[in-house]
Amino acid sequence: MKQRLRHYIMPLAVTLGAASTASGDQWSDQFPHIANTGDIAGECSYESMSQKDYSGRTLTINTHAVPVMGEPTALHAESFAALTGATVDVIHTPAGDLYSKAMIPFQAGQAPYDIVFGFSNFIRDWLPYLEPVPEYYVNMRQMQDVTQSHIDVNSWDGQMVQFPIDGDRHYLKYRKDVIDNPEMQAKYLADTGNELRVPQTWKEYAEMASYFNGWDWDNDGELEYGSAEVMKKDDLMYAAFFSRSVAYSKNPRTEGGFFFDLETMEPLINNPGFVEALTDWVEATSYVPPGGINFGLGDEINSFGGGQTLFSFSWDDAFVAAMEDTSPIKNQVGVAPLPGADRVWNRDTGAWDDTYNQAPYIVWGWTAAVAKKSKNHEMAFDYLCFFANDANHQADIAIGRFGVNPFKKSDFVPEIYVERQGWDPQIAQEYSETLLDMEEGSTNRVFPLRVPGVFEFTSAVATGTSKALAGQLSPQEALDEVAAEWEAILDRVGRDNVRDAYAIGVALEDNLR
Amino acid sequence: MRFGHKYAFLLPGLLVLIAILIFPILFTVRLSLSGWNSYNPNLDFVGIKNYIRLFTSDARFWEAFFRLSFFSFTTVFLQYVLGFGLALLVWKDILFKRFFRVLFLIPMMTTPVIMTVIWKTVFHESLGPVNDLLSYVGVSYNWLSDPVVSKFTVIIVEVWQWTPFMFLLLLAGLLSLPKEAFLAASIDGAGPIRKFIYVTFPLMAPISIGAIIIRLIEASKIMDTIYVLTSGGPGTSTETTSFYIFIKGLREFQFGYAAAMSFTYLIIMIISLTVIVNVLVRVFNGRNS
Amino acid sequence: MRSFYTTLKYLAVTLWTIFVIGPFLWALSTSFKDFNSVTSGAKYIPWAQFEPTLDGWRVLTKTSAQGGVDIIEPFFNSLTVTGLASLISIVLGTLAAYALSRYQFKFGFVKNNDITFFFISQRIMPPVVLALPFFILLSNFGLLDSILGLIIVYIVLLMPIAVWIMVDFFNKVPREIDETALVDGCNPFEAFFQVVLPNSIPGLVVAGMFCLIFGWTDFFFSFFLTFTEVQLLPVRIVALNSSITPWWSLSAAALVSVAPLLLVAFIVERFLSKGNLSGALK
């Protein structure tokens, strides 16, 4: 791990060194966004793009609302237009509607957008309407810097169809001023008999969150709570549930599927591992802030990022918000892998394996793709390539509200965050190591469900788990209902259609590549 | 001689409406007989499979429909009573009459999808003003996350937004009442309450029925409020038919099935509204006789 | 006793006033906050409780490359679409409503009431599924992402309201008015335009107001039927609702979007207060 890190630091140190001399070059004078590094040579650098001439042509992009992803899209569109002479129209759509806003024209045989932004788990449904990324971009140097797992989530059966522009994963965020605080550690030990440390299991997570729930432990005059999580029945909550499930259900000794048994296509969603995770989650409703079971991602960010809770886990946003310069808790938050579990369900033996288990969930995240029916394929890929070029990317990851997070090997270098964003060196170190280890270290990873009709499956999970959180059903009943719904969806979609698609994700999980 | 003219008045509007709607309606009928979804965007023919699924194995739709009926009747009833009350209050002598009349109209001019975001911040359990102010009297509620309380939150927001609609129609009705009827009642020596029961209320019957029907139609489409406030949660405790159709249609892209649900909903609504109109006519006219 | 009633009356009006303006005051206060002021508990009074900032408002004039949403162009798009669609709906709807109020129709078992109900029943259908056929319809005529396309769709939304309300109003205009005019030698159109219509202006104002409101606040159709050329105000404002919900700029935008309709409210109130409504029936 350490060695690999050093392996990546070397080339980057060179880049950083070169950057400091390069800053103030002609491009950063014209485009202040990249003032820190200046242009960085590459296939899609400012220099390379300025050689292209797209004048008289129009590129249309559907992206997310501002500022997350939306602002960098528009900003790079402006630069791209200035460099190439193209006209770039950008429209902004809330996250929940990105799928349907593109899908309606797709299904009606239209391509009003050359580029569509979305989430990487749309991949199977959008596949028929997307133009694969041409060989040139797949093999270019800029792409070789992208981590394998982000190549994988953007590819379908070995062919890249979405362009990596952002990195996403779920990880644990915690308040260092509590967990690493000797006074708190002593108090916690005295009261509970347990050690206060970064939680290794979800049970520890629950104990600590309960203990630090409902009192003002940072003396700011407001009450603090245990955990902020996405529990609102919407397009994201099932991802939080899967993050809580992987430790109990992803057993490295039972290959051939996490969501389904690949052979029989029997849903595994109601096996004891998932039930245990949902039972934990129902218990979690007692240590979230008031109204916490109606928290969407925005509320989670406000809550943890605003210093209201001890823990949070999901995408980078809450952590980034907490580390903003204006944040009252800057440099008081830590990063760690998702908690594990002391036992993991083994579906082959039908019993629990009593060993410690931890599994990173390579959650889906932001990506962008080019419409097959677009008449501007080359320009569109050039834009995406330009979006993710080294100069833009390094400037983007330093701006929290952009929502652009590490996905290149050269991103996992603590110095970047210390120098450019004023992070505490230890936090930057933890951040880089945790993320990189998730990307490249584990062989027990879970990939997002990427099958035809993916929203039917995930929506069933959201409905079922939400009923359990609200106390309408017990965890077992709720997940039995989900499993039954999954069976019905399988019948409608066709078991084989789903299996063919699911096999591609399982191959990644089982490290068969 | 009048015969030709009546069509000249009616047909432009009617035909324009039909011309625009004929394709979408026929397409939706056809859609409801197809398996159109995210991976099969075709008008294949699956017979009445979608309808069978709806009537035999989708309890969630019917639960949502009963919840919707509850929301519609409650909110429209409250809007009618409050709207009528407010219209009576600012009908005659009151200071700043014109100011209040304008003020009371404002909520319905806000865009639901945007205003509900504001409401969500208002009811935010730990960062919003409602619980903060209530904490001075020592209470707080989980406005958006309690299965029971969240229903009332939805109702409060709906009442805030749409009471002005009732208020305006009823105020306009009150202001156009013929004075003769009141004069006659005054001569008979009727007090304000008797005047209201025997004169005002019956005279307001047609406008009341019209307003209630249109509000019932609109209230039944409730969508943005629920989407933004609770997304139908916690669990399914605030999920209504229209929101459920939205999930099946624009989230899961089961367009064939969503079309079948829409049509079923349309037919149930037409039948219910016809019944409701007859009941309302009887309620209002029963008082009269 | 009388003063008790008066007290009660003013109490009720005051309570409702607080209920009505409460959310607006909260939005006004929130529009001057930033992330930290929002996440540190409920705060009301600028300077005293939090340091106000104009960032929430500035966002509304910035381009999206600067992290804002420019609402000026969509504001005028919304005015155009809503205004024209309302006008057309009122014209067509009023004519139809007059016919339904004054003449007997019978097509088989379909009579006046059924035709009126047919109009209003067009609003029953949940819009969700209609998004797809309307998309296909407009794309066949090349009207996607155009002002004209939106107007066409909005006519379907608005005309039923105009018909429904105007039928009620025409029913209250005494028939003697038209009959006198007809006896005086007007043809039915002259009678309608010169005599009945001037007496129905209050009804037109109320119906017009509802058309403007329903058009102005529609989000769904303008969202799915436009791309880049024509964006309406609600669609543009919703583009602010990112992963982090910006309470501040959404509050500012909500206040801005109400403004033009306030003017409509004043106009409507004028007609009400001048007693034109009752005057219509003399």
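A, B and C are the chain letters, set down in written order, and residue numbers restart from 1 in every chain.
Going forward, a residue touches a chain if its C-beta (ideal position, glycine included) is under 8 Å from a C-beta of that chain, and two chains touch if they have at least 3 such contacts.
Being a predicted model, the structure only gives us computed values, none of them experimental.
Among all pairs of chains, B-C has the largest number of C-beta pairs in contact.
Taking the mean Cα position of each chain as its centre, A sits at the greatest distance from subunit B. If you average the CA atoms of subunit A and of subunit C, the two centres end up 40 Å from each other. Centre-to-centre separation between subunit B and subunit C, using Cα means, comes to 15 Å.
Multi-chain contact residues of subunit B (touching two or more other chains) are listed as 126-127, 131, 250.
Taken residue by residue, subunit A touches two or more other chains at 97, 100, 107, 299, 302-303, 308, whereas all remaining positions touch fewer.
Residues of subunit C found to touch two or more other chains are 38-39, 41, 131-132, 136, 238, 241, 245.
Looking at the complex, you find that subunit A touches subunit C at residues 60, 62, 64-68, 70-71, 73-75, 77-78, 89-95, 97, 100-101, 104-105, 107-108, 110, 112-113, 220, 222, 297-299, 301-303, 305-308, 315, 317, 321, 324, 326-328, 401, 403.
Here subunit A touches subunit B in the complex through residues 96-97, 99-100, 103, 106-107, 124-125, 223, 232-235, 289-294, 296, 299, 302-303, 308, 452-456, 459, 463, 466-473, 488, 492-493, 497, going by the rule given at the top. On the subunit B side of its complex with subunit C, the touching residues are 2, 5-10, 12-14, 16-17, 20-21, 23-25, 27-28, 31, 82, 85-86, 89-90, 94, 97-98, 100-115, 117-119, 121-122, 126-129, 131-133, 160, 165, 168-169, 171-172, 175-179, 206-207, 210, 213-214, 217-218, 220-221, 223-224, 241-242, 245-246, 249-250, 255, 258-259, 262, 265-266, 269-270, 273-274. Residues 34-36, 38-41, 63-69, 131-132, 135-136, 139, 144-145, 223-224, 227-228, 231, 238-245 of subunit C are the ones that touch subunit A when the two sit in their complex. Residues 9-10, 12-13, 16-17, 19-24, 26-27, 30, 38-39, 41-42, 44, 92-93, 95-96, 98-100, 102-103, 105, 115, 117, 119-134, 136-137, 152-153, 155-156, 159-161, 163-165, 168, 171-172, 187-189, 192, 202-203, 206, 209-210, 213, 216-217, 219-220, 233-234, 237-238, 241, 245, 247, 250-251, 253-254, 257-258, 261-262, 264-266, 268-269, 272-273, 275, 277-278, 280-281 of subunit C are the ones touching subunit B in the complex.
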